[in-house]
Every structure is written in C-alpha cells, then in structure tokens.
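The following block contains the structure, expressed as structure tokens.
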Amino acid sequence: MKLLVINPNISEDVTALIESEARRSASPGTSLVVRTAGHGVEYIETRFESLIAAGAVAEIIAEHTAGAGAATADPDGAQIDGVVVAAFGDPGMPALKELADVPVIGITEAALCAAALQGHRFSIIAISDRIRPWYLDCVERFGLGGRLASIRSINETLNAIGSVQQDFKETLLALSRQAVAEDGADVVILAGAPLAGLARELRGQIPVPVVDGISAGIRMAEAVVGLQSGPHRAGAFAPPPVKARKGLSENLDAALTAAQTASNAAAPS
Amino acid sequence: MKLLVINPNISEDVTALIESEARRSASPGTSLVVRTAGHGVEYIETRFESLIAAGAVAEIIAEHTAGAGAATADPDGAQIDGVVVAAFGDPGMPALKELADVPVIGITEAALCAAALQGHRFSIIAISDRIRPWYLDCVERFGLGGRLASIRSINETLNAIGSVQQDFKETLLALSRQAVAEDGADVVILAGAPLAGLARELRGQIPVPVVDGISAGIRMAEAVVGLQSGPHRAGAFAPPPVKARKGLSENLDAALTAAQTASNAAAPS
Amino acid sequence: MKLLVINPNISEDVTALIESEARRSASPGTSLVVRTAGHGVEYIETRFESLIAAGAVAEIIAEHTAGAGAATADPDGAQIDGVVVAAFGDPGMPALKELADVPVIGITEAALCAAALQGHRFSIIAISDRIRPWYLDCVERFGLGGRLASIRSINETLNAIGSVQQDFKETLLALSRQAVAEDGADVVILAGAPLAGLARELRGQIPVPVVDGISAGIRMAEAVVGLQSGPHRAGAFAPPPVKARKGLSENLDAALTAAQTASNAAAPS
Amino acid sequence: MKLLVINPNISEDVTALIESEARRSASPGTSLVVRTAGHGVEYIETRFESLIAAGAVAEIIAEHTAGAGAATADPDGAQIDGVVVAAFGDPGMPALKELADVPVIGITEAALCAAALQGHRFSIIAISDRIRPWYLDCVERFGLGGRLASIRSINETLNAIGSVQQDFKETLLALSRQAVAEDGADVVILAGAPLAGLARELRGQIPVPVVDGISAGIRMAEAVVGLQSGPHRAGAFAPPPVKARKGLSENLDAALTAAQTASNAAAPS
Amino acid sequence: MKLLVINPNISEDVTALIESEARRSASPGTSLVVRTAGHGVEYIETRFESLIAAGAVAEIIAEHTAGAGAATADPDGAQIDGVVVAAFGDPGMPALKELADVPVIGITEAALCAAALQGHRFSIIAISDRIRPWYLDCVERFGLGGRLASIRSINETLNAIGSVQQDFKETLLALSRQAVAEDGADVVILAGAPLAGLARELRGQIPVPVVDGISAGIRMAEAVVGLQSGPHRAGAFAPPPVKARKGLSENLDAALTAAQTASNAAAPS
Amino acid sequence: MKLLVINPNISEDVTALIESEARRSASPGTSLVVRTAGHGVEYIETRFESLIAAGAVAEIIAEHTAGAGAATADPDGAQIDGVVVAAFGDPGMPALKELADVPVIGITEAALCAAALQGHRFSIIAISDRIRPWYLDCVERFGLGGRLASIRSINETLNAIGSVQQDFKETLLALSRQAVAEDGADVVILAGAPLAGLARELRGQIPVPVVDGISAGIRMAEAVVGLQSGPHRAGAFAPPPVKARKGLSENLDAALTAAQTASNAAAPS
C-alpha cells in the first residue's frame, strides 16, 4: 500500500517531523510519499490560512492523479492508494475527497475517530490560542462536537514551529492532565503536525489514552484503504460534473478530466 | 457606500444577472463594483468547486485591499466599504472575513438572515440535485439547520446557466409551492446567482415571502456596513498572525501585510 | 419608508434612548414612529414580564393596522412599512409576525443576524443576572444557540433604568473585553434598549465588532422591508383563521379582521 | 389536593370535555376548580392565538393567587395546590410558572413526560394542519424534539370544535396507526383539549400506549404537587423583581405583589 | 396499585433508605414490593457497573412476570401494576421497558420529568466524581441534555454508602446552592438512592425546588400507571420477537415466553 | 497482533460468516480468536436482546482477561491485543471498554468511522424493521446522528439468519441504491453480522463506497491497537473502583480484580 502524505504548510522541518512519525506508525507493507505544500504559510492557525493551504494540497493531490484515468498515480511511477492530509484542522476537507478515486483522509478526522473508539469524551491540546476556533469548527463539522470535552492550548509565543514540542513539553503535559482532571476527557489528542511523535513520549505520564494526529492519520488511512469500499460514482463525492472551466493549473485541470473519465467509464449504460 | 460584488464563478452572463439585480436592489446611496472570478468553473455545484472558487474570490478581495493600510481600496481609487460574495453556498466563508477590514458577506448567509427574520422555517430552491449537499452544509455551518424546512431542486440537465431561470420558471414555481404546502416553509429562498431577479417575478404567485440571494446580499451588506460595528483586532477574525509565507500571489501577499499593519497600528500599546 | 418602533416597556426615558439611537441609525429615507407600551413594567427581566409586554406590543401593532385592509396604517395617516420591537428578548416573537402584513422584527433577532454576519461566535452583554435565562431562551429559540459564546451581565442593583449605561460603563466595557478574551466572542452585542447608543461610544475600546440592538433593529428592518419579499398568505405566519373570539380590545379585533380580509382577497380562487 | 384547571380557550363545550376527562382522571383525594378563559378565541391554532390565550390564563391564575401571600388561594376560599393549563401547546409556558408559588403545568409538557416515560419516540395527533408549527415549537422548546417521531393532523375543515373527536374518530385512529407503522412512534399523544377522553375510547385499537393530554395534565400535576419540592426563591422562576409597573389588571397587580411579599418573607436575612 | 421497587445494587442498607422514602412518598392506595439486586456491586458509579446491574434488575422483573400471561404477577400472588428501577442512572433503561406489560420507570427519568415540569434548567447533585459521566449519558440519552445546568459531585472518599447523606450533608447543601447561584439551576435533583429522603430535610435551605429521585420515581410511576395508556403490541417496545435462545435463567425464559404469548393473543387477526 | 472476535449472538452459522469475513479482512500479521456468546438469542433485534447479549460478551471478555494482571490473556496462552464485538448495534458499548486494558471496539462504531472518513452522510441497510430503533439509538449515542442519511431495512420474515444475505441479496441491493438516490447517502453500511462479506459481492453494483461491519471492525481494531495509545488509569473508562460485590461469575470477578490491580500498580504514588 502506498500513501501520499501531504504537509499543507510550507515548513520543511515540520515535514520532517511528520515523516518521522509517519514512518514509525506505518505498517510493514506501507510505503510513503511525503510532500510539502508548494505555497502557503509556516503553520496554519486561522480559517483563512487553512483556505490557502487547501488550495496547495489540491495541487499536490492533482499532480499525483492527473494522468491516471481511474487509477491514482504517483509521478514517480507507482500508484497511490490513499492520501493523508497532515495538518490538524483538515484544510480542504471534505471537499478534497471529490478529487481522487482513493481515500483522502485528514489527520483530524482520523484522530477524532481514533479517540471516539477509545473513550467517550476527548480533549484536544493545541499549540496556540488563535488556532482553537478553527479546530472547534472542524470537530463540529465532522459531527462529533457533542463528544468534545475541551480544547486547551499554549498561550505563549512560539519560538520556532519545529521545536514547539520540545520547548513546551511541560506545558503540553500539564494541559493534557488538566483536560483529564478538570474537563472530563477520556482520551487526549495532541493536535497539530508540529507535535508529531510527542504522544509516544508522553504516554504513561498522562492517565488516559493519548492520540497523535499523524499516527492516527496513517493508521486510519491504512484501515480505510484496506477496506476497499469502492469509489464514488454517484452522490456528493463523485467527481464534479463536466463543465466549462478556466485558469486552473495544468495538474488540476488534468486531474478533473481524469476523474470525469474514470467516472463515466464506470457508469452503467 | 461602495460595495464590491464578486461572482465566484467564471460565467460573464451570470455576472450580468447578478449586476442587474444588485443594481435594482441597492439603496440610492450605494455604488457597486462588480467583478467576475478570474479562474474556476462555470457554476459551482460541489464542495470542491466551491474550494476553487474561494481561492478566486480571495484574489479579488486582496486586489481591492492590498495597498490600503487600514482602509480597503478599490483599484479604481475609491475605498470599498463592504464585500458581497455572490454565489449561493458562500465559497470561502467565513474564512474570507479575516482578509478585509470591512464586512465580507455571502449571499447565503444574507438570505438565511432575511428568511429567518420573516418566518420560522424556510426552504431553499436550487438549480441542481448535486448542489444540495453543499447547500445543506452551508446552512448547518451557519447554525440555522434547525430552521431548514427543505432543499428542493431541479433534477433535469441545464441547457445554459444564464437561462436557467427562464428555462425552468414553471418548475421553480412548482418546487416553491411544494415547499410551502408539503414541507412547512414559511419563507422560500430562490438560491443561486443564476436565479438572480426571479423572486421579483414570482412574488404573488408563491403564498409566502420569497427571498432572492443577490438582493438579500446587497441589502444585508448595506445594513451591516451601516452599523459601523468596528473591525476585528482580536479573536478568530483578526488578521492572521505574521509568519513566514511563500508562493502567494502579489495581491494576497500585499493584502495580508496591509491587514497586519492596520491591526498592529490599532493595538493598544 | 416608515417604521413603527415600539418600546415594550413603560419607561419613557428608555423610549427616549431608543428614539435617539434609532434616529442616528436610520437611513436618510426612513421616518420613524416611536411608541411606548401602554401597560407593563419598567424594564423586562423575566419570561413573565416578557409575556405581559408582548400583549402591550400587540395592542400598539393592532392600533396601527386595524383599519387598513391589506395596508398597515399609522393612525396619523401614513402607511407603516415595518415594525421594530425594541426590547432585547423579543417579547411576543415570533407570534407578532402573524399580526401584520409588513415585517415585524425584534431587536434581538436583528442583533443576532448582524453579529452572525460579522463573525462566528458572539457574546451578549446584559444589564442584570436575572435577565440571562430569558435571553438564552431567545437565542436558542431563534436557532443560533450553537454560536453563542456567552452571556455576561451586571450583577449589581441598578439605580435607574435610564442611566444604566452611564452608571455602569466601565463594568460593561470590562464584561465585553472578558467575553472576547475568555469566552471566544468574535462579536459583542450590547443588549437591551437601556444600552441604546452605548456601542457607538465603546467602539475602538473593544477589539471586535460591537452591535447595538436598536441600531441593528432599524438597519435590519430597513433591509428586510427593502427586499419586498411579499406577505404570508399560507403557512404558519398567515393571518390566524377566522373563528369565534371574544373580549379582545377593539384594535386587536379590528386588526384580526383586517388581516383576514386582506388574506382572503389575495387568495387564489 | 385542589387543582385549578384552566381552559385557555373561550369554548364552554371544550371546557365541558376537559372537565369530564379531568374528573375521570383525578385521584380520589383530588378536587378540581375548572375555569374558562375570559377572553380569546374558540380554539388555538397559531402562535399569536396562543399569545392571546397566555394573557387570559395569567388573569385566571392571578385571580386565584392575588390575595394569598405565600399561599395560592381559590376565590371560593380554599387554597389551590397546583394549576393545569389545559390547552395543547402550553400557552404562556414556562413564563406562567413565575406567577404562582405552586406548580403550574401545561398539558403538553405533561403529555410529553408521560410519553417519554413509556417509550422512546412519540407522535402527536392534532386537529388541524395549521396547528402543527406551534406544536413543534412547543416540543422543541421543552427540549424533547429529538424524540418526536412525527406530528400528524386532520387536514379537513372542522364543523364544530366540541364534536371534533366524534366527527373525525376514524381519521384520528388512522393517523395514530400511521404514526406507529410509518413514523416509528412508540407512544401516541392525542393532542388538544377537544380530544379529551378520546384516548380511553381508542385504546386497544392502537397498538402502542396512547396518552390523553388532559389525563396526563391531571396525573402529572398530582405527582408534582405530591412531591412538595418547594417554591422558587431564586433563579429564573422566582417571582419577578419589584419595579414600577402600570396598567395591569387589579388581579395581576395583586398577584405580583403577593408573590414578591412571599418571596421576600422567605429570603434569608 | 402495586409497585415493584427494585434496588439495582446489592446494599441492603440502601434498600432500607429506598423503602423508607418510597413509603413516605407513596399515595394512600399504593402498595410496594421492595427488592434488592441478587448480584452486582455495592453502588453503581460506572457504565460497566450499570450494565451488570441491568442484568440483575431484569432477573427480578422477570421473576415477577414470568408466569403471568398478559398480567404481571408478584410471586407473592398479587398483580404488579408498575416497576420502579431505583438507582440513579437508570440501569437497563429503556431496554427493560420491553420486558413487562406494565410501565417500567427509572428514577432518573422520573426525576428529570419532575424537574422539567418545575423549571427550565436543572442541576444534578451526585455522590462521586466518577459517577458523573454515566449520569451525563443518562440525561443526554433521555433527550434533555439541553436543559442540564450542571452535574456537581462530592469529590471525597465515601465512608459507607448507607451514611453518605448524613456524612456529607453540608457538602451536598453547598453543592446545591452553587448549582443555583453559579450554574443557573432552576431545580436541583439530589441524585442517587443513597440520598433518598435528603430532599425533605434540605428543602427551605435551597432556594429552588428540590427533587428526590425515589420520591419522583414513586410519584411518576403512580401517575403513569394511573393513565392506563395500554401496552406495547407494536413498535420498538413490544415484546421481543420469538426466536431461538439459550442459557437464559428460568425466570427470564418464562418472562419472554409470557410476553410473547400476551402479545400474540392481543394481535389483530 | 491477536484480536478476540466475539459474536454476541448464539448462532454458530453467523459466527462462521463472521470468521470468514474477519479472516479475509485481517492484515497479514493479525491472528484471530473467534468466540460465540454462551447465552442469549439467535440474533439481536431489540434493546432488551442487546442487553442480554452485553452480559454474554462481558463473560467472554472477562474469561480472556481474568488472570492477566495488566495484560489481557487468551486462555489458550497468548495475550489478546484487542477485542471486536461483532454484532451491529454494539451491545454493551461503551461500558465494556472499562473491562479490559486493551481496545474493545464494536463493529457499529467501527463502521460509522469507516463511513465518516469516506463521505459525509451515510445510510445503514438492516435486516429487519424491528432492528431500526436500536440502530438509531446506537448512531445517536455515538454522536454521529447528524450524519445519518437513513436506515433502510428488509420488511419481510427471515427464513434463516445464516442465509439472509443470499435470500435477500436483490432486496439489499435495491435498498442500498435507494439510500443513494433518494436519501442522499455518500456511503452505504451493510449492517449486521449476518451480512458479513456481502459488501465484497455488491461493490461495483452500488455507486458509492460500501462498508461491511465485520471488515470495518477488524481493520479499525488493528488501527487502534497499532496506535498503542495507552490504557485508562483515570477518567470514566478506568477500571471500576474497588467495592463490595457479589454473585458475579468467577471470570468477571477475577477480571475486575485483575483490572484494579493493574490500575493500582500503574497509579503514580
């Protein structure tokens, strides 16, 4: 199984964190193609930054599906079986699920599922106060707002996005414990790609299951890809209808055409 | 008062419909700058098409705010007092509200408010079946899902997007009446820029108030601009924090810088 | 455009505050008829007081519509184009919308729409602790409970209802700032007719848009009246069906008869 | 135990139906005082008619509590232990609970509780289509909207309100059975005072528990009165605060004064 | 009327508390059969303990209905008219309602109804922190989560379950008052059979109505039994369909057979 | 990785279906221990049948964890890494998660997550009408009720539970297609262990992704076990507190003791 893992932010050091944790989390038979957003911001904290990132992620997905007909292809040659969008808040979701014939999964929705299967109420620990409203939107839009115990966040200025988890380890641990003791969390989600891998380190120090977004993204993508549930040929996630368009990138244009072709080929006569 | 009205789709004939109805609806003192998306699709029916449109709308907003400091400027010289995003489904909302120091209002949220102030439950009449899930998302995300009586739609192939309202007038009238008689709608919203102006024609033939998205967008933008509620200098809609970014268009880059400058200038020392 | 603005409380000094802010807010072409409740209490803090006020408001609306046939008439001669019920909590809403052929809009629903169009989550600042449950009911009944960040209130005894905004300006400012900093409000609503006009004064001192109920009521009423959406001839807000009644005031009796006549005249044969 | 049972409508023949069923339902030790609204309409179908009725009910409650200090007194001399508001839709609720020191219970809320204790989802069978939006409001406002299977109603013109249950018995039976078979109702509520007593007749012909509003109102009032839970001396249902008022009826004025006196007497120093 | 009151816990001293309060609460014509769970734990604090208790309660209900055909019989000879499951959290609800042809009512659902009829928002005062998530589930499952002001609990170790209410009276009183003053509770529910009878003692010291679970269970069961709404012969609470089963206790097996026989006998041919 | 897969029903032929599909779905490194409920019914259609099944599942989990200290042991010697409860409707969930130190996952919650990650709205196709209310409870309790498009079911008598999927293949296919075309399902879940494996057969004939409960259960359990999120040592899913108990089976008793021992050992001093 080959997964395309996309960092929707432009930070190469966060991509490195993502890649490390993704490789640690992946099952033996899973290979990974890891990519960084071609444009955008250092890390996403707001709804608008997420919108920008969504466009960048779409370009990368399109690049890997543009020439593929029904299949989703890696430009390096091999077929992609699934996509992981590796920023908490799931930029572009669920819209991006229309763009490929394979599962496209955000790390937030993956983490929410991983948490919901291990307890009833969960808390999210985030790296900045500003990021919380967008995360809350994300949980509510996914439909699990009723199970959210709290979102707690660091309210200090970050030095560097690549070192957040080391700079604020004690703070993040304290926030996690408060979520359990004061907010009634049964599970804690350490949110955001900059925290990738921290859950491994903090387990045992937090008295409930701790979920890492990147790990959850990889594992849930493997699970869903493994189900081979079949593509969308009708309904809201089928490829967008054929119509006049202009000004899209070459990849996006090709990807939309490829999707429509695959969909039409599959349609019952 | 000067409003920037943006058609998030690439269809110039729909822009013409929008402009006509916008001019009919505007109050005497309101002037309009009407623009068409620079890239995208003919009309939006899916979540992904909406995502593409959101990017195109952001570019136009940025172009009008890029050099402005605290003020939002029209490239033609005059200051913009508000923005109307003129496609039902509100592509890019609410994220785009972060991008300008003036109110940015979608025609869906405007129509929902106009309906909610005139009755309790409302129905939306749409131009295609495929468009419904996205519209439903939009109503739920705005928070008024509990007041939605139904979304009814044309389930035939459209000939041309510019002539939908004439080609399907009888169907649209029948759908509106069914919404009242069978779904319990107190108000009917004729959704989508391609239907701009039709409400004027059908009033008296539908036994409840009928809301046109474009008219609602103009009138509600006038109302909100008139309130002079002040800008966002804190909270989730303040300009995004300063941080490394790359690959954005010149306008977007300038707009983000301008927003941050304005915001910092206003911050209490 | 002529708007009837009704103070549902008996306080003439609050009526004066309402009238001042309403005149400051109204567009050039709008004229106002301002009236004070004929019976009731000094200011409304409870569900029961609101019920009493609703009856008083109904009488005033009826007085202005009683002899009018399809038209809604001011006893002074001119036709009324819309009604603003100027107490936060919207006494009698949405029931009062049945009583007139023109839009009848409460300042709470107007303020909620004005806030919802300018951010995602909003807080309400109120003049007494006792008033909060009723306000909460009002937000939930309107359907926007999911977007309410908080209701904060003065918990001191008021000296005089007409001077609340001056007596407690610092407290109201502090509550507003706490709503932004601690509760996540994107917009602040200064609630209650006794606070009419205070938003103008506090803008710039609160780092998010600030909404005044009276201004919102006037501007939103202008917007909705301007839409000319048409009357209710079917559905839950059509005039009540003809049936035996007794003991109503002369005005109410006449208004109900007038409404039914207008409705029947319009009914398709 | 002495219960005051109020018909919020002016129809004496419906009062007779109410009284018959109330007497059949009451426990041995319960005595009833049955009253008809002094003003209002023949039967309530709309939110506005309900508002009018709420005022009429308030007058009757006040008349029975006006001279009573902490106690709630019947003008005939004996003390009232509880009040049943006997129109489906609960006009004036929950506001009227502020007005008396004894439980004031609507037949809808009573029927909803009786249904909710006997199954999970329930349907309401109503006497007119117009009445449904108001009933739906009532269920949602009580908080049990998530358990409502459906509201079904007679969509024919009624001959006389006093004979509805006999004129439409077969229709009502058919609607009840459809609610079970098609809507998933576990319990059926026959709604509206005009249907008082019909449940007794139809039991055995409907394959799930059938709840009569009047019976539920009496039984639930007996249960709650029997609990002797104590009065409201704080919170949202304590008597309204003392303040200037004018134009209220003598009874209302006296009732408010009495409530405040009782409340103050009980307040801890 | 004869009610079977079941303590789902194994503590005989709590059964004694339940029985005392149940006898104080019951109406003159009501006789009680009080039983203690045959297996399980001292008191229930978790979802799993509740599951165990549900099985024990099912056995007792079955024992009293096993030989009864359509009637529900007490092994001592007389017919049972209703069942009260006397542990807060309602173990086994609503599933247990399928097992008997008479009303089976949990004390939580009874207390929620008693509270909801006396105010709008209510708080629950509980004996341990661990118990709160299960109680919250229970309120949400019943559908009244929107009216819950708070759940407050003792966070100290209990000495003995039978003396909790005496050992922690001051704490419980303080928690109750905080619920009113800080959480906006209109009614306070003293939750849990170990607190049976305490509400009588604390009334007058808490400024809002106080509801005792056991009293509410008895009174509400009397009310519902008195309604004689009829049995479930269709829908989700009709006796389970006939099918192969094995390994059930003799009583359960007989009870299921009896229920099916009664149901079939009643079915229309 | 070793998973314990439990059929909560007594049907050995359904166990065979479960085992076949589970083995087809499991990843290479996963071994399975498949068990059938020791007592209960042929297949679960009601809330009460689910309660009985929950008890039977608890016994099997306990048997595999009773002697294990912190580890969860298979009586055959090897350690169990996770448990799959293989009946749709998730009998005993989430309570059973308290009983073991490894993830315990129901196939419904697994299928809901698998569906929610592949689309927005999903439908459930069920084998009997009676089963629907319990399934609906399950979806609502999990918190994803807002994303449920519909539950459709066979409304004919089943010949044999083991052959349902072959006897009704055409019906199930038709129901699935209706869910897509009429109810707006983006994903279809074929619910119930008796349908295990059918999704593989019907893919390509249903135009959206199709989820099999058993496959989803296995894959999601693998994913969650692989995350190694750590055990519950605090919060609502920590082992139940130590307290007096009686009458539990030897296995349950031992399992509770083992859980408490493990939990105490891990507690920080």
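The chains carry the letters A, B, C, D, E and F, assigned in the order they are written, with residues numbered from 1 in each.
Just so we're on the same page, a contact is a pair of C-beta atoms (placed from the backbone, for glycine too) under 8 Å apart; a residue touches a chain by one contact, two chains touch by 3 or more.
Just so it is clear, the model here is predicted, and its values are computed rather than measured.
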(message) Can you tell me which chain lies farthest from chain E, using the average of the Cα atoms as each chain's centre?
(response) B
(message) Suppose each chain is reduced to the average of its Cα coordinates; what separation in Å results between chain A and chain C?
(response) 45
(request) For chain A and chain F, let me know how many angstrom lie between their CA-based centres, rounded off. (result) 26
(message) Report the inter-centroid distance (CA atoms only) between chain C and chain F in whole Å.
(response) 52
(request) Find every residue in chain E that makes contact with two or more other chains and list them. (result) 94, 120-121, 133, 137, 146, 184, 186, 235-236
(request) Quick one: label the inter-chain contact graph as line, ring, star, complete or other. (result) other
(request) Identify every two-chain combination in which the chains touch. (result) A-B, A-C, A-E, A-F, B-C, B-D, B-F, C-D, C-E, D-E, D-F, E-F
(message) Which stretch or stretches of chain E touch chain A in the complex?
(response) 132-133, 137, 140
(request) Spell out the part of chain F that touches chain B in their complex, as residue ranges. (result) 120-121, 146, 184, 186
(message) Per the contact definition, I'd like the list of chain A residues that touch chain B in the complex.
(response) 10-11, 38-43, 45-52, 54-56, 58, 92, 94-96, 98-99, 130, 133-134, 137, 141, 235-236, 240-241, 243-248, 252
(request) Over in the complex, which chain A residues touch chain F? Could you list them? (result) 25, 27-29, 94, 97, 103, 105, 109-110, 113-114, 116-121, 142-144, 146-147, 180-181, 184-187, 199, 203-204, 206-212, 215-216, 219-220, 222-224, 226-238
